[in-house]
Amino acid sequence: MLDLILQGCFFVVGLALLMNLYAAIRGPSVVDRLLALDTMYINSIALLLLYGVYLGTSLNFEVALLIAMLGFVSTVAVCKFLLRGDIIE
Amino acid sequence: MIELLFIVLFPLIGSLVPVLTARWSRSYSALATALLPLAALVFVLQLAPAVFSGETLFYKLPWVEALGLSLSFRLDGLSLLFLFLILGIGLLIILYARYYLSEKDSMARFYGFLMLFMTAMLGIVLSNNLLQLWVFWELTSISSFLLISFWWHRADARLGARMALMITGFGGLALLAGILLIGNVLGSFELDVVLSQADVLQQHSLYPVILILVLLGAFTKSAQFPFHFWLPNAMSAPTPVSAYLHSATMVKAGIFLLARMYPLLAGSDLWFLMVTITGMTTLLVGAYLALFQHDLKGLLAYSTISHLGLITLLFGLGTDLAAVAAIFHIINHAIFKASLFMAAGIIDHESGSRDMRKLNGLWQFMPVTATLAMVASASMAGVPLLNGFLSKEMFFAETLHQEVLGALSWLIPVLATVAATLSVAYSARFIHDVFFNGQPKGLPRTPHEPPRYMRVPVEVLVALCILVGLAPAYIVGDLLAVASTAVLAGPLPLYSLSIWHGVNLPLMMSVLALTLGIVLYFNRKHLFRFQAELPELNPLQFFEVKINALLGFAKKWHHRIESAALQRYLMWMFVIVAILLIWPLQQMGEFTRHNAVQAPDTLMFAATFVAAIAAIATVLCQRQRLLSLVMISIVGLVVTLIFVRFSAPDLALTQLSVEVVTIVLLMLALFFLPHKISRASNAGRLIRDGAIASICGVVIGSLSYALMLEPQQRISDFFLANSKIGGGGYNVVNVILVDFRGFDTLGEITVLGIAALGIFKLLTRLPLFRSSSDAQGRQWALDKHPMLLAVVSQALLPLALLVSVYIFFRGHNLPGGGFVAGLVTAIAIILQYVAQGVDWVRERLTLEYHRLVAAGVLISTLTGVASWAFGRPFLTSWFDYFQLPLFGEIELASAIAFDLGVYLTVVGATLMILANLGKMTTEHRPVNKGQS
Amino acid sequence: MELLVAIIIGVLTCCAVFLILRARTFAVMLGLTMLSYAVNLFIFSSGGLKIGVGAVLNATEEYADPLPQALVLTAIVIGFAMTAFLVVLSIRARADLGNDHVDGKLPVAKNTRQGASS
Amino acid sequence: MNHLIILPIIWPLLVALLTLLPPFDRSLLLRRYLSVGGSVVLLVFSVLLAIQSTNSPAQLYQLGNWAAPFGISLLLDQVSSLMLCLTAVLAVASSLYASSGEDEGGFFFHSLLHFQLMGINGAFLTADLFNLFVFFEVLLIASYSLLIHGGGKAKTKAAVHYVILNLVGSALFLFALALIYGASGTLNMLDLGAKVATLSDTQLQLLQAAVALLLVVFGLKAAVMPLHFWLGSAYSSVTPAVAALFAIMTKVGIYSLLRVFAMVLQDAGFVASWVFPVLWWTGLLTIVMGVLGVLASEDLRKIASYLVVVSVGTLVAMLSLGTPESVQALLYYLVHSTLATAALFLLADLIAHQRGKAGDRLVNGRKIVQPVLLGSAFIVVALSIVGMPPFSGFIGKLLLLQAVPQGEAILWYWSALLGSSLLLLIALSRAGSILFWQVAGADTEARMAGGRRGTALVLLVLASPLLSLFAGPLTDWCQAAAVQLQTIVNISPGAL
Amino acid sequence: MSWLEWLVALLAVAGSLFVLLGSFALVKLPDFYTRLHGPTKATTLGLGALVLASMVYFNFVKGELSLQQLLIALFLFITAPITAHMLIKAALHLKLKTSAPTSGKQNADL
Amino acid sequence: MKSLKKWWPTPVRSLFLFLVWLLLNNSVEFFHLFFGLVLAWLIPQLIHKFRLIQPGMKNPGAALRYGFMVLWDIVVANMQVVKLVVGPNKNLKPAFVKIPLDLTDNLSITILASTVSLTPGTVSAEVLPLDVGVDEPRYLLVHVLDLADEAELIQQVKQRYEAPLKEIF
């Protein structure tokens, strides 16, 4: 039963991912797309958490943790790029 | 018979003597140079009696057995004859050159090259191995190149030398092919083995090819038509060189080869035809052209060509007597031509010109030299009582006793007479035009007799002309006999070397030729006029034009093929890949289904869809660069998720962290690259590239599908079984990385370290190219380091470090490890750079990154080296468990030290790359304000 | 599953090749990055696809083939080093040669409004 | 346990790392001593290994003490030890030459040089295909960095092409490795060789796909037509010491082809049926391309670069014959041609520096200050390359010519080899004639090739007569190496 | 299914729905500034719920100690506002259009 | 006390790290406790130069209360957002609002801005003016998804979030 519900959750999060993809493709601005990408990172974390429960393994939590950390860095870097061109100055 | 080796070796060592004695006086230096060849001659004389008594002497030193190449010498009659010519005339040339060369000319260089050349010639005639013969053969080409170009400041000398080298080099290669084929057919290169197998060879289907190749070698060397033109242009060499190379040696090497191979190759119809016709043509062409030369040496050069043709013709006739005549003429020609060249050199040297239109009436100025030259040219013309007459007489006789051309055989004596007539005419010109015929015109200086000893060589040779002419049997009879025996490899025919054979047809031909020749000379105007109307062909110019045409052709095609367009090269590469891959794929046919195929699920469908769309979007917006970067990040994210999905968390971690660094890097790059570019490719190219890309995609995709369906028989079970017991870790992937295949990892971090060093190199003295506004022309924002970001970043730093320590230590047993830990650390520091700027970080982090990199790799390496101390191979791991109070069981493993190296390298390298790139941009950043 | 992964690999390869065949260094970099994704998946899939079984001992009943995973890890790192070098090289090329064309010079004529000065 | 086997990899790595650490990273002089000394020591190691490998069976070195095929193995046989010696000789010459100023043209020269050596030696020693990939990458990344040493537009331009092509090549290599592992379940060369016979049809097809990719990868590295385009601009733009070292780089490709096709897969039917024919024809075409390049070149360095292409074609075509004789000839010729082209690169630099503005371009220039040294060196090298006696080239060419079996092959190979010899003779005599003899302008003070530069040049140039003089034992050695190479696979890894 | 499992299920469903909501906001809302609210809030909350679900599951259903998920939440709560801040800064810098009824544009200097 | 400060300059941060370490390892074994202590001490030492000068926490209890309040607000805020997102776009009344700040130190401003971003319909866009340490008053520019009354919003932020923050630091 839990598995079934979790599969439903996968479907929901998968749908969210597709919406992000749509947003990323649609834009219209770069920042919109960047926002979509960042959301995608976070949704991926959601997916990993669900997947962990589904498989009953915590092997993937570090991946989720890193996505949280690194997604932040890359989004910030792109923003910095948009603002200043030079991300390390 | 080690003396045979010495005969060659001494002059070789002799080539160093003039270099070593360069500081001595010229006479002493020349004398010293002459000593070693003289010694060689002594050896020859010492060995001569044995040869005269019919022996053949051998000496062999192994060299390259794999090739069948040995230093194998043989001394028979033919070799002996040539040894006398080479060494005898060579010594005279040394004497002559002492006076000929001016103070400006480097004697060391001249004598050095001359000795080298002499060595090469001696090597040829003494060779008992065909490959060895070829080696020395090529050496003559090389050393003659150096001699001909002795006065390299003159363009004609340079070009003439190159032309000679090219022609003889070509012949040399043909000869090599011929020799190798002989070796293939007969199984040996040793002459004493080979020469006795004429039947085998001539029956073989390759015989015609071999014959043609060998003859090409011989003909190019001995300047036979149509390869004759290099010889006159080699006359830009100093005269001693011409006297040596073009009388007794270089060109005679070709003749020697004919004589040497005579027992092996001669006797067939093909031989008759090719050698006879070539010889006859050369004889005529040379004699005819000699008549029109205004240059003294030019005349002699064409005369040489003509006489070489004569000798070749004689070998072509194929009768034993003709061969004897040929050998006799080799001797005679060498003697009179060497003396003539030297005489011409004296004239040139003392009068400053070689132009026969200027040289007139020299008899008054240098009567002795004139007399000598006249005798020698009379010999060349075939005047009785001189040596030239004798061999020419034999030649005439032989032209009458052949049936080479069948019904047309009568042509040969007729043409021979014509050639003799021409020869008389040019000899007459040499005598009359130079020594008589009025007064000199416009000579640079007043001619006079040369220094005493400069004339000695000429005197010696002219004396020989007369002596041989008068008493042939006494002087050269034995030599001719042993030489002929060697050539014929059998009993000698009956011949007589007397000067009078009665009134016979050959004598009539001689008389006719002499008479007609004189007549022709005095009526030469008509002939000159006729010749003047023919188009002038300057071989040097011709050669240059042809070479330039060749280079032009090469350039055209080279540039057509190598267009310096990377896209084309890459296209080729992918096309080749596609072609090479489609074939095995097609063979596979339907994919066999060994493996259970797993049913796809929604998530995987979604992932496929997202990845595909994002990849295509990356392609579509590749000209809006930031966008494409966003799109490719999506692809990267999906790939990460796929790794998670299929149970590879280590991969996901690594992929993710690498991707972030890559994105940061690409963004740094974007700052310098144009943000938006216009469409560069036309529709045709897009379609073409699309097609290639699609094929590659389909091929690779299919291969991967086929691969996934293959049954698995892998070595991995070993890793699973030994990871814990042998490597001390539960995470098999990590144990493979730091232990089973730790060597790969060492290489991998080395690559990373080198990349960092290389990038640092690339960034030094980078002439910057920057934009003060973005793609839309908008000024950059003023807020360099947003405050909120700065605060949060520094708060994240300890957290990130803690996480990286955690990831580092758990790596051995759970997903993680030094690499990911290093990247997390590096990214956390990079975040500081982004949030606070280069200067801020530099104040707080005073690390030399290259040292960090080096230290990292060094730690890993030394971990590996440490196992030597325990007598184990490099990188043998060690781990153990310790019970400590409170702590419980603790595992210590060498893998941790290894992984620490990995960690440090990754941190060092990543920071070295990113921070330096960032630093670079900051240091030179122009002030934003005040720019339009 | 296998087919879907193969399709992803195929599509990535296709897009990567197309990008690599472009004239600007940036597109080529993107292409190479994408090609390395494809390569990594390709190597990874050569070990067969396993769901829910890692390569960590005792964590699961069955194990995935760890070797391809280790190989991919090495490949990722090396690919990263190489990409980094190429990125900086292309910056250098832009600075030295004044444009970002892979041949160091823009094709003549046609569009003169090209982004040499962006 | 014979740790000497791994020293040709570890030693240069240690030297390279030391140059980056204090006190060496502070003092150029110390770095030079370390670098040249390190190269000499490397040469000693290599010679010791060569002596060890002579007349003894091949040895495996099991890294991490894991048995083959599970751990990575290094394989020392006569072929690999020959390549090690060759590399070390180049290393000595290159480090010595660079130590007279070239190493000041950018950071980390000596480190990169030794990293490069590590990569090359690793590629020669490893018996593991994935490890081969790793060492390829080590040598490539080092070569990228060395390529741009000294700076300048030409280098940057060449580097962009070189790097991109090689990155694609690396990706293809990985595809191939995955296919090999997927098809055979192993990465160890000897193990793979033993397993080929047991593979199913589909697995063989997959292996063939891998082989096809490997052909492209190694072909690219070796610069086989039409994958040779990168070479001309890359080799002619690098600094001389780097060029001299790069002379071995294409040979790494040849060596890999040799290992994989003449050793590992020698019994696989498809090698004879299509791999060798492909190599044969591309090899011959490569000769043509190289000769065209030589004739079209306007400077000596370009000529030297295309001479590399010619030698590659010559070797690849020979390789495809697959007989012990051909491998023997190949080995000898490989050594000869590598040293000769390396010498030519150094020589081109010395000539260029003495001819004023004309440099090494084939136009009138200033008179060369040291005509005897440079002229003799040029003659030796040119004759060597053309294949004229008495220097090593002719022995090499004779071996090659004789290794071709009777039949149609003779016609093609002999024509290609002899024809190329003639055209090279024309080109080199023209080049020499212009460079040394077409003098214009006043004599000036020019950089003399003394000390380190001269020694490095002489070291490489002298190799040619020595190779020729000792051709007897050397060719015997090459023969033994060839035989050993082709019999290793029949011995199981455990027996080594 | 035990009530704990039901709790897990409830949290998972709620979390997923919030995640979906965040993405839906992204697609649906009229301009960048409004869209930004979706991911910053809904998604973050959704993730918080999922973290809880995961923790309940591992700690109580499976009975293993598992607290790492908290870190994920911690990280997100720290970084999400900054991400949003940087994004909106960039949007303001690029002067992205606001939807028609937005007031106070002069405050943002648009 | 002073020497403790010298050897352990950032006790709060260390405590935080120590807890995180235990969270990461899911364990309270001695081994992890020990390492956690070592790391909690070592890491702040290693990077102490990177620390921005910040006021110490005056009232940890208030901080805890503040944290729970924010968490609750996040949940509540999201309920509102659900309504806004699902409802028709034309009902939205987006706005940019400037909130004047009494806070002066960067840390508390950052926390305030973050809180604002996570809670009801607001996202912090900018802290104005940009330069730190100038005399003129600073503002927080926020974007509001659905603005009912500007003054009320400002009031709410200042009361609910800024005031407790002033207590904490």
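Descriptive notes on the structure:
Letters A, B, C, D, E and F name the chains as they come in the text, with residue numbers starting at 1 for each one.
What we mean here is this: a contact is a pair of C-beta atoms (placed from the backbone, for glycine too) under 8 Å apart; a residue touches a chain by one contact, two chains touch by 3 or more.
From a predicted model like this one, the values you see are computed outputs, not experimental measurements.
Chains touching both subunit D and subunit F: B. Under the contact definition stated at the top, the chains bordering both subunit B and subunit E are A, F. Chain pairs B-D and A-E differ in how many C-beta pairs are in contact, and the one with more is B-D. The central chain here, found by comparing per-chain C-alpha centres with the mean of all protein C-alpha atoms, is D.
In terms of their C-alpha centroids, the spacing between subunit A and subunit F amounts to 23 Å. Inter-chain centre distance (subunit B to subunit F, centres taken as mean C-alpha positions): 75 Å. Note: centroid distance subunit C to subunit E, computed from Cα atoms, is 31 Å. Centre-to-centre spacing of subunit C and subunit D amounts to 29 Å, using the average Cα coordinate of each chain. In subunit C, the residues that reach two or more other chains under the touch definition are 20, 25, 38, 42, 45-47, 52, 54, 56, 59-60, 67, 74, 78-79, 81-83, 85, 89-90, 92, 96, 102-103. Of all residues in subunit A, those that touch two or more other chains are 17, 30, 34, 59, 62, 65, 69, 76, 78, 80, 82-83.
In subunit F, the residues that reach two or more other chains under the touch definition are 20, 24, 113-114, 124. Per the contact rule defined earlier, chains pair up in contact as A-B, A-C, A-E, B-C, B-D, B-E, B-F, C-D, E-F.
Listing the residues of subunit C that touch subunit A in their complex gives 52, 54, 56, 59-60. Taken together, the subunit C residues at the contact with subunit B in this complex read 1-27, 29-30, 33-34, 37-38, 40-42, 44-60, 63-67, 69-70, 72-74, 76-85, 87-92, 94-96, 98, 100, 102-103, 107, 111, 113-118.
Of all residues in subunit A, those touching subunit B in their complex are 10-11, 14, 17-18, 21, 24-25, 27, 30, 33-34, 37, 40-41, 44, 47-48, 51, 59-60, 62-63, 65-67, 69-71, 73-74, 76-78, 80-89. Those residues of subunit A that touch subunit E in the complex are listed here as 1-2, 5-6, 8-9, 12-13, 15-17, 19-20, 22-23, 26, 29-32, 34-36, 38-39, 42-43, 45-46, 49-50, 52-53, 56, 58, 61-62, 64-65, 68-69, 72, 75-76, 78-80, 82-83.
Interface residues of subunit F facing subunit E in the complex, by the touch rule stated above, are 20, 22-24, 26-27, 74-75, 77-78, 81-82, 84-86, 89-90, 92-98, 113-119, 121, 123-126, 141, 143, 145, 147, 150.
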